[in-house]
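Sending over a structure as structure tokens; questions will come in a sec.
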Amino acid sequence: QELQREEVVVKMGVMQGPSGFGTIGLNRNEGYLNSNTRVEMSVYPSPNEVVARLVNGELDFAALPTNSAANLYAKGVGIKTVATVGEGMLMFLTNDTSIKNWDDLANRKISIPGAGSTPDQMAKIITTALGFDYESDIELDYSIAAPAQVAQMLIAEKISLAVLPEPFVTLTLNSNKNVSLLLNIQELWQALTGSGNYPMTVIVVSDKFVENHKELLPVVMGAIEESINWVNSEPSEAALLIEEVGIMKAAMAAPAIPRANLVFRRSKEGKEAMDVYFKVLYGFDYTSIGGELPDEGFYLDY
Amino acid sequence: MKGSTSTTKIIVVLSTLLLLLVWQLGAVLLDAEIILPRVGPTLAKFVQLVKQPPFSLNLLATVGRALKSFLIIFVVGGVLGVLAGYSEKLRAFLVPFLLLCKATPVMAVILLAFIWFSSGAVPLFSAFLMGFPAMYIQMAEGVGLISQPLQEMTQIYRFSKRERLFHLVIPSLAPSIITGAKASLAMVWKVVIAAEVLTVPRYGVGSRMQLAQVHLETAEVLGWTLIAILLTALGDLLFLAILKLPKKIGQAYRRRRYEAQLPL
Amino acid sequence: MKLNSLSKHYIADNKELSVLKEFSLEVEKGTIVALLGPSGCGKTTLLRLIAGLEKADGGEVTLEKEEEGPVSFLFQEPRLLPWHNVLTNVELVLRPFIKDRKERIKEASKFLEMVNLLQYSRFKVDQLSGGMRQRVAIARAFAFPANLMLLDEPFQSLDQEMRLSLIKAYLTLWEQYRRTTLFVTHNITEALLMADTIVRLSKKPMGVLDTTKIDIPQRERSLQDPHLLYLMGELHP
Amino acid sequence: MKGSTSTTKIIVVLSTLLLLLVWQLGAVLLDAEIILPRVGPTLAKFVQLVKQPPFSLNLLATVGRALKSFLIIFVVGGVLGVLAGYSEKLRAFLVPFLLLCKATPVMAVILLAFIWFSSGAVPLFSAFLMGFPAMYIQMAEGVGLISQPLQEMTQIYRFSKRERLFHLVIPSLAPSIITGAKASLAMVWKVVIAAEVLTVPRYGVGSRMQLAQVHLETAEVLGWTLIAILLTALGDLLFLAILKLPKKIGQAYRRRRYEAQLPL
Amino acid sequence: MKLNSLSKHYIADNKELSVLKEFSLEVEKGTIVALLGPSGCGKTTLLRLIAGLEKADGGEVTLEKEEEGPVSFLFQEPRLLPWHNVLTNVELVLRPFIKDRKERIKEASKFLEMVNLLQYSRFKVDQLSGGMRQRVAIARAFAFPANLMLLDEPFQSLDQEMRLSLIKAYLTLWEQYRRTTLFVTHNITEALLMADTIVRLSKKPMGVLDTTKIDIPQRERSLQDPHLLYLMGELHP
């Protein structure tokens, strides 16, 4: 009974930047997952707008920073997390050859793109773990908010230390031979917590969508998983699509994809890593996850 | 400000060259193309941008947004300003609203704007909030400067409301209208582009800027900045033209100056 | 018109300045009254009260039926619209009365002719001399079809010849409509040639010093007339 | 604008209440605390913010930046504006610079500001770029409105430069100075806070706003916005006080209005 | 002072308006010259040329040594500083000459006394009547220690009594310093009482119609004097 049902449009929002890389494969067939399901993907320049649209009920799915997802959940917004799609990919970079080791960080100024962002939180967590008081022993500087601009300054050697995400890490390393990796935050995290990499980006779904189209959930999630695998295996093709939707130039995206730690982990599998992540965040700055650890209801399996 | 004579034109050109020189010097001293490219490459990029096909689309989108905001501000700010100039009550009534306009950080409003309007309207909305006070205040204060003796004269000679508007109020306000409109328009350019940078609509000078920024194409960012500057310059020239062309307004402007020059 | 114990005070220099205190005056309908008085005694204030531009602290102005309606006020300063030319300044006040534009311009030009400024019709206000501005204001005040004329030093800064010719012109107009006219002047000759009644005023607060009636019809008056010469001597300080 | 009488005060209060009502209605209709919290919780948050210990530090940091920028704008814009009002050449010379101020998106300049000055100076710099034109233009145009006949009078009676400045230029410019200063100050508040949001210095109203924003604490964002609004209101009240208190300036202001009211 | 074939034209209404064309006049040092002429003939323009406020298209003004230096110009309008009170308006022009503030105020008050405004010293300009403003301007012009006096309709909008008293006051001043004085007037009596020479002017372009010298010393003149009465008749239009 293959009746021509009405087409369902699934609205998905992603942010500009690497968190939007993984789902780009959904666009291959003009968004059609099957004959009557189409994903309409919107790229938003800031998490703020994604949040606003999500709260407003205009989005069914969205890629969000993990802590923002928990925060929204804690604030009673009807969403659940369904999968982890991106893991940590943050680096301490320096162009100062006199900085060789982590203890050289003392009394240095470190540029962080975006106060309160994941790079900020990780920088604080890691430096604290390394024994610094980030209020006094080092200086975290937020005066350049955009990662692109921090990269720009690092390449031009107008700043000497920064925490950057991909693809800017790759870009910076390729653009200036003096820039080197000082610390791999992911490794330090693993050493610190004894668990795997931390989840940076998750896919959330609105309760409304689950209510109305529960049957489509596996379809969409399957497509996302397939997309991520495709992106990871065909970075240069994916990069072309990335440029097409206006996230980033292909030339910049392609080399960064392999290092962007794009993964697909259903919430059941990813829950453990998230729990660890949330606990650490809670200890540091509980407002960043909305003041409480998310309960079981936050994780949705399909 | 009088029409530019050839001397002033030469000075404008020279001072522009001086600015370019400062830029070039800065670029040489900084020696970091990624932060401040030299003049040559930037101009080359500029020419390239202008030649690129979607250029006019981007330009028109931004110009459209700016003009739309400007028109709204001009009409709403002008009418409310004049009315508020006459009615102390309306003025008091608008105090909180004006404060809101003047004080609310664009950031805080942009979020709401996202929700209430389509994201395409965010630049319009922000531009309105930023540009409205300039126009409104100029008009409200301008009304206070309308000649009281002339006002009495129109009262004695029984000018109708319409005649008072056209033969006393508007001519008296001409300088305020022009100052206010100039200030608002300058503001509007800037805010529209800033909002485009934040919201990245499909077409727009600000969108291109934001993308160029993400790609660390500093020359392109500066190229678009040059375009923004030229747009603003064009706006200013337009106002000069308005001052010169339609005799009535231009004369009113000059005459108001004369009137203000009358001694006791 | 009856002015009934009008009072008016201003606050200046932190003191109360009583300009008018129970000032009363009766003006016969259709006559011309000249007001003479020292500078600063309150003549302008009085005219402004009558015109309704100022509110009295007490007392009232009662107008005859024929005097109600539009008032023509020739201010002490020309008060022209600086963005219009000479013609438009006059023509504008005729709009409610003459709908046809050509007619209106013709009418306005008639009055500009009267003040001898027809050839300056297209001059802007800031291109006129002081006396020329005053003449435009005169043309406007005379052209306006008022039922009551208030003229504050109408012929100041005009040369003798122009003065006499404008007095004649006004009298011709006045004979036609017989509008009640109050005019302030510092020129006794002017008063003698125009007024039915000359009122001399005193200062602080303003009061009527004396009233002189002149029974000779205006058009028969001449400065050679011994009666007028006698009056002139009487009125001179 | 006259001093507020009790009627106007009541109207201001009523219209403030109306705005609050609109807010509350919007909040109820939206029913999304994260986007627009209701009035009650926001005010509660506001009180809490004010009581919290680092409040005065944040406030003072922002006020300090704003006042510093304002003073710089006031002096530089005032002096350059007056000089440019007199010299057509200087005016022409400054045209490109002014265009730059009016048109350059803050974003494009922030990096340079960061390099040239310490990062703390970025808000100052942005505020200068945004606020300078308002003051400058008001002054330059104001000079054009100085009474030519009075100027001739001071020439005939051989006023010294100093006397001409104090007894003709400054009193004549008083309304322009006040309008310009008001406009600049309003701008400065806004831009300083916006720049703080962008650059997140250690203390500052904008920094707190940005963090609250990231943490999706909308009530806190609005709480800080309220504080920004109150700061702006305070600035306005200060100007009203200036208009009332020092007799000279206040009178000059009123008198200039009178002068403008003189007929031909 | 010698005015040597001065020319001046304005552009108005898209036409060239020749106000002065090769206008020449000789003014004897230390005398008072009255200029009489129809409204708009160019009297104000002439004074402005002499004061250097306007540039002539041709010709030149030659001053005697004693006439050089500060010029006092009583403009056709009062031109007071509206943000100052009456006293300050007068006192300001004395600053370069009298350093001591008290002395200066005393001197300014002397002139305010002369124009009968001493009790209005603290009034603001917008609280004065038209004639009072004119008197403040007169006090200022007379107080300024100039070597040349240019007075444009100095006693307009003043009552007869005030006029006569100011003429007397000016003559006393003049006898003291013998400043060359040019004054524009429309009042023949004024001219007869004050001038050594009366120059009547014609219009378009301005020319000298006739020059009348009066040999009676000013302080001996009276309006009852038959010679003056005769002259008055002659000069009347």
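Letters A, B, C, D and E mark the chains in the order given here, with residues in each chain numbered from 1 onward.
The definition used in the following text is that a contact is a pair of C-beta atoms (placed from the backbone, for glycine too) under 8 Å apart; a residue touches a chain by one contact, two chains touch by 3 or more.
These figures come from a predicted structure and were not determined experimentally.
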Number of hops, subunit B to subunit C, where each hop joins two touching chains
1
If you average the Cα atoms per chain, which one ends up farthest from subunit C?
A
Using C-alpha centres only, name the chain that sits farthest from subunit E.
A
For this structure, I'd like the pair of chains sharing the most C-beta contacts.
B-D
Please work out the Cα centroid separation of subunit D and subunit E, and write it as a whole number of Å.
49
Inter-chain centre distance, subunit A versus subunit C - centres from mean C-alpha coordinates, in Å:
85
Once you find the CA centre of subunit C and the CA centre of subunit E, what distance in Å lies between them?
27
As a quick test, compute the distance in whole Å between the mean CA positions of subunit B and subunit D.
17
Subunit B touches at least 2 other chains through residues 30, 35, 111, 115, 149-150, 153, 213, 258-259, 262-264
I need the residues of subunit E touching at least two other chains; which ones are they?
75, 77, 79, 82, 124-126
Note: subunit A residues in touch with at least two other chains are 48, 52, 56, 149, 152-153, 158
Of all residues in subunit E, those that touch subunit D in their complex:
51, 53, 70-73, 75, 77, 79, 81-84, 92-93, 95-96, 124-126, 140, 144
What residues on subunit A touch subunit D, complex-wise?
48, 51-52, 55-56, 68, 71-72, 75-77, 114-117, 141-145, 149, 152-153, 158, 287-288, 290
Show which residues of subunit E lie in contact with subunit C when the two form their complex.
10, 12-13, 36-40, 44, 76-77, 120, 122-124, 127-132, 134-135, 153, 156-164, 186, 188, 236-237
Seen from subunit D, its contact residues with subunit A in the complex are 32-35, 110-111, 114-115, 119-120, 122, 198-201, 207, 210-211, 213-217
For subunit B, which residues are in contact with subunit D within the complex?
1-2, 4-5, 7-9, 11-12, 14-16, 19, 26, 30, 35-36, 88-89, 91-97, 99-100, 102-108, 111-112, 115, 130, 133-134, 137-138, 140-141, 144-151, 153, 175, 179, 182-183, 186, 189-190, 193-194, 197, 206, 209, 213, 221-222, 225, 228-229, 231-233, 236, 257-264
